[in-house]
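Have a look at these structures, which come just after this line.
Look for subunit A in each of the two complexes below; its partner is subunit B in the first and subunit C in the second.
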Partner chain A sequence: MAFGIRLHVWGQHGLFTRPELKVERVSYDVMTPSAARGILEAIHWKPAITWVIDRIHVLEKIRFQSIRRNEVGHKAPAGTIKRAMNRGDLEGVQLLVDEDRQQRASTVLVTPAYVIEAHFVLTARAEPGDNEGKHLDIFNRRAAKGQCFHQPCLGTREFAAHFALIEPGAPLPARNPKAQTAELGFGAPRDLGFMLWDIDHAAPGRPSMLFRAVLQDGVMEVPQPGSAGVKR
Partner chain B sequence: MTTLSRRHDFVLIFDVTNGNPNGDPDAGNLPRLDPETNHGLVTDVSLKRKIRNYVELARTGEAGHHIYVQEGSILNEKHREAYVAVRPGDAKAEKDAKLNPKDDKEAGKLRDWMCANFFDVRTFGAVMSTGINCGQVKGPVQMTFANSVEPILPVEISITRMAATNEAEQKKRAEGAEESDTRTDNRTMGRKHIVPYGIYVAHGFISAKFAERTGFSEADLELLFEALANMFEHDRSAARGEMTTRKLIAFRHDSALGNAPAHLLFDRVKIGRNVDGEFRAVDDRGLGNLRPARKFSDYLIDIDREGLPAGVEILELL
Partner chain C sequence: MSMLASLVRAHDRNEKAPPYGFSSEKIGFCVVLRTDGSVAEVVDLRDTDKKRSPRMLLVPQAVKRTAGIAPNFLWDKSAYVLGVTAGEGKRTAEEHARFRDKHLEWLAEATDEGLVALRRFLEGWQAEAFVPPLWPDDLRDQNLVFRLASEFTFLHDRPAAKALWRQIGAEGASEPQICLVTGEAGPVARLHPSIKGVWEAQSSGASLVSFNLDAFTSYGHEQGDNAPVSEAAAFAYTTALNGFLADKRHRIQIGDASTVFWADCADAATAGEAESLFAAYYDKASEDDLAAGKIGGRLEEIRSGAQLDKFAPELAKGVRFYVLGLAPNAARLSVRFYWTSDFGTLTANYQRYLSDTKLTPPPRDGWPPLWRYLVELAVQGKRENVPPLIAGEWMRAILTGAPYPLTLLSTTLMRIRADGEVNALRAAILKSVLIRNFKSKEAPVALDPANTNKGYMLGRLFAVYEEVQRGALGGNVNATIKDKFYGAASATPQKVFRTLDAGSQNHFSKLRKQSPGRAVNLEKLLTSITDLMDPGNDPIPASLNAAEQALFGIGYYHQRSDFFRKHDDKTSEEPVK
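Let's turn to the complex of A and B:
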């Protein structure tokens, strides 16, 4: 793809929650395409463009750790807020964490590192001034300088993602030699099962779209939007 | 209030002496450990809790500085009764069990109102179940887990109490030991877990672009830094031991999007062992014979100011 970019991302932990295991969160083995899209959007995004993830390179061994935290059980009820707003008074608008406790464990990835290969396409909302070169330049400039709209994260916000642009033509960062195992699909492809591809925010009910994730030689190919690989 | 227009990244360095900085509910309240490296952990939510508590303490009742996610009892609850008595006309809103905003515009209004009134919503964000898409506020401040600089050794301390919880317990004990005196009869044993000493580092990010959305201002930033510097001073308890913020270093970028990658800035803050006044990296193999660190002066903090990227300023706030 002519307008492709490659971004190296890494961090101390990562948590790409499986939708079926989200009360006590369990991470996928590999970053999902939607999480990768979120990272790119944290650096540069406009309604005029959509990021499309092409493939994800896994650079580190897949390792997990369990962390249990005290979390609150409820969200802020809009009704209470509205009532307080109409009343012009703050009484009763708060969450008492001690009385609303849930202890939840998260199974998180340890020291994940990836290379995201992606490109973008212009959307129907692109204006005459929008062209590929402009957005590509903005992204490359920001990523090279470490600029971002907000610090991207590896799944959840407490696990910050560090990022570095891989310049066109530059070699990929070296994969941890210890990671070159069957677990990453070296020797034979490793089936990761169905993985979240992205959420269809345009459709009613916001359905999830899935794809069959396969790791081959440390690389996960991501199907293009609209292709047969994306299941609903 | 002027909203924040420059991106900030910060490094928070704090230590603990003979205390448990953050218990692990999975491990019987043992201090949190990275099981692979034995480095201590303190979760982001634990630190955010302390920031909230500090702001609540320091700015009680000040407009725009209420705390949404509260701990413990609310004194204001008492005022409500008076309020109901004064304004009986609110019955309609009180009666409806479920109220959802009609459209995006109303959801936006609710969100703005929450941001304007609550410091923690404006800073860390909140999820509000408005029933439609815009029910979330993403706050500008994002924090990571704090890691100890060196592996820590949690120590279990057994303690005794000279009383029984209830009569049944007392009776049981009395049956078990006929000849012993009454003082030991009623004794119960407990456990405390402490870290003799640990120095921890947490990283934080403040997005100026998100600050624009929630109205997080320059004054809020000052308050946040004040809270980070003082939060342990007001969080004393039997479990915590002595905790202190030792250093708070912020990197101020010239622009909203930032001028340098955060990880390169964080790498400029190095913590090493103090060997007769000389800086030695903690992974230096020559440190094997050194005694374990037990005080802050066993460490040296080195900030590399050489060749700072253009448009980045180092603020040493503590």
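Let's turn to the complex of A and C:
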């Protein structure tokens, strides 16, 4: 891969919510491609490029923990806010947390760590000054220095992601030796079922795109956009 | 495989499972129609037992009714079908009208003899016609089905009815989308069928996949569109899950987590054996059923620590096992744990749990089931007071062999401080957390007179002081030093042990007059403990951390049970408290 990058990410917890179990949240076993894309976009993104995830290496055991928290049951309605802005008065805009409380449980991943392998392609919005080398350099420089536009996260905002660039040619960070089990697909591939690949925001109804996730020797291959592996 | 996918697979493997679009419902009576729509007779389908339990019949799937009025196809309760109820139904007339109108619409073009008869019956029926003896009073509020007088198949089982039902199902279908369970395009379930039988959840059933508040939705999607699951997959997973929850052989209760489990392997008998063994691992009730026979013997071997692949290779390899813990939260269900692996791993992890909790002397009545441990964590020992989340987290740790939740340690210590009770179960919990989470080699199975851990020694010392007091004052002291000082002694020993030592001098002088031999023995014991202490290393520290407090509890338990054991040997001279 000519313009490929590799990024090591890790954190205390991760929560890559399954769509079917997102009210009482349960995480996927492995980071989703769209979550990986979000991390890369936090470090460097311009309208001229779009990130494509190639594969995800799992470095730690897949361990879960349950957390129960207080949350709010409703969204602030956009219409009410718009009316308040037109009116110039904040009456009735507030969302009172103690009157609208919802306890929700989350099943989260404990100490996840991954290596994201990805590359980017130029989009139709690329200008004459844009070229691959420039954006690759920007990404590598920013990632090596730890710069980001906003703090990247492991699935949800409360679980911050630490990241470190793996320089071209450098070896991958060592996998936890205890994690080299059948659970991570050592010996035989492990079928993780269908996983969210991304959401098609351009299509009407914003449908989800799925792919069949398989872990083999701790690596999850991600199908390329437009390939048969992406179900839509 | 994801949880829903494995449930769908379990449904597909089950040959007895109801086919798509049908569900098993409790039916009380059958109305027998003539072809002209008049009623020939009304047959009681209920069982002849005392409760007159209704018969389970496969009928077109029930609609999800919450607040609205929606009739089922070709069957329903008497309020809908006939417009009669036992109580005072405000909406009864409306419900019957809706049932009639819907069916007249559905059956408008039917040419089948049976369906035409039902249409004629509904056109002519008036609620006033409901009079005994043709219509028994028992029929009120029961579910009803129909059949023709000339035949014995129910109306909903006629091929024409089934074809019509498929057609009705297809009409309401949405645009096909990719299903996140099967990966195939199909109409998406808007509302998923209810899951019934989860402990403490709503009796009418709760939903595993639901979006009942707008904070749970995304991208402007509504209801089931937030998580596209095809109608067929939603039907399959709910049917499988409801089946497991209703079946004693597939379900146990662990704390507040209703736990279902199932095995998946080529041989049904082996799968059944694995399921029975799992139930016996964690629940005593099912164990008693198996005590005799092959499974009971195998259970004993597993408990004694024998490796599964040595004596039951067919169980150790090739049996996939699934465990799912569900707990209610508001009107929803939440997944406490979902675990899948082969049965050999499951058994190995269970054996590890057993060896971690092993303690001498053991609890009085053999292997305690998991819920007995959980009750020790509950206020007043009530099952409903078991702290939420702990049961599920602990069970997950046992299944996976992962470290235990640390709240297990703090909750146990808190309960001991609150009610001053250190029994075998609590000491076993403390020990297992120490071994698994702190990799502690100092947590002994039985009384260890050479153990020099501060917490352990102080726990033993505390037990000796208590014994001295008991020897001097007898067993009827209102508040023993344990009742007064256990909490302080285990957490901040420096504050307490000086007082205890001073108090023990008075007890000793009294004891010497009563039974000099016993006093000497206890003094010897006391010295043997204090001799272990290293004065340079602060033997009585200002505070003990949680792990040391746990060892304090274990030391206390060991030393105290040692006194009682000796009493047992020489026919106790004092009443054992």
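Rule of thumb we're sticking to: the second predicted complex is superposed on the first by the 232 of 232 C-alpha atoms of A that agree within 3 Å, B and C clash if a C-alpha of one lies under 4 Å from a C-alpha of the other, contacts with A are read in each partner's own complex, and residues count from 1 in each chain.
The rule is short, and it goes like this: a contact is a pair of C-beta atoms (placed from the backbone, for glycine too) under 8 Å apart; a residue touches a chain by one contact, two chains touch by 3 or more.
Keep in mind it's a predicted model, so treat the numbers as computed, not measured.
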item: A:192 touches, of subunit B and subunit C: first, second, both or neither?; value: second
item: First, second, both or neither for A:55, with subunit B first and subunit C second; value: neither
item: Which superposed partner A:87 touches (first subunit B, second subunit C, both, neither); value: first
item: First, second, both or neither for A:164, with subunit B first and subunit C second; value: first
item: Per-residue contact with subunit A, leading partner among subunit C and subunit B; value: B
item: Contacts of A:209 with subunit B and subunit C, given as first, second, both or neither; value: second
item: First (subunit B), second (subunit C), both or neither touched by A:149; value: first
item: Subunit B versus subunit C as contact partner of A:46, first or second or both or neither; value: neither
item: On subunit A, the residue positions that both subunit B and subunit C contact, one per complex; value: 63, 65-66, 68, 71-72, 75, 103, 105, 201
item: Residues on subunit B engaged by subunit A in the complex (per definition of touch); value: 9, 24-26, 32, 34-36, 41, 43-45, 49, 66-72, 74, 76-77, 79-80, 83, 87, 90, 93-94, 96-101, 106-107, 109-110, 113-114, 117-118, 126-131, 133, 135, 138, 140, 142-145, 147, 203, 205, 207, 209-210, 255, 257-264
item: Residues of subunit C touching subunit A in the complex; value: 1-5, 177-178, 180-183, 208-216, 218-221, 225-229, 327, 329-330, 332-338, 341, 388-389, 392-393, 396, 400, 402, 405
item: Residue ranges of subunit A in contact with subunit C within the complex; value: 18-24, 26, 63-66, 68, 71-75, 102-105, 107, 183, 191-194, 196, 199, 201, 205-210, 212, 231-232
item: Complex contact set, residues of subunit A against subunit B; value: 12-13, 63, 65-72, 75-79, 81-83, 85-87, 89-98, 103, 105, 110, 142, 145-151, 153, 157-160, 162-164, 201
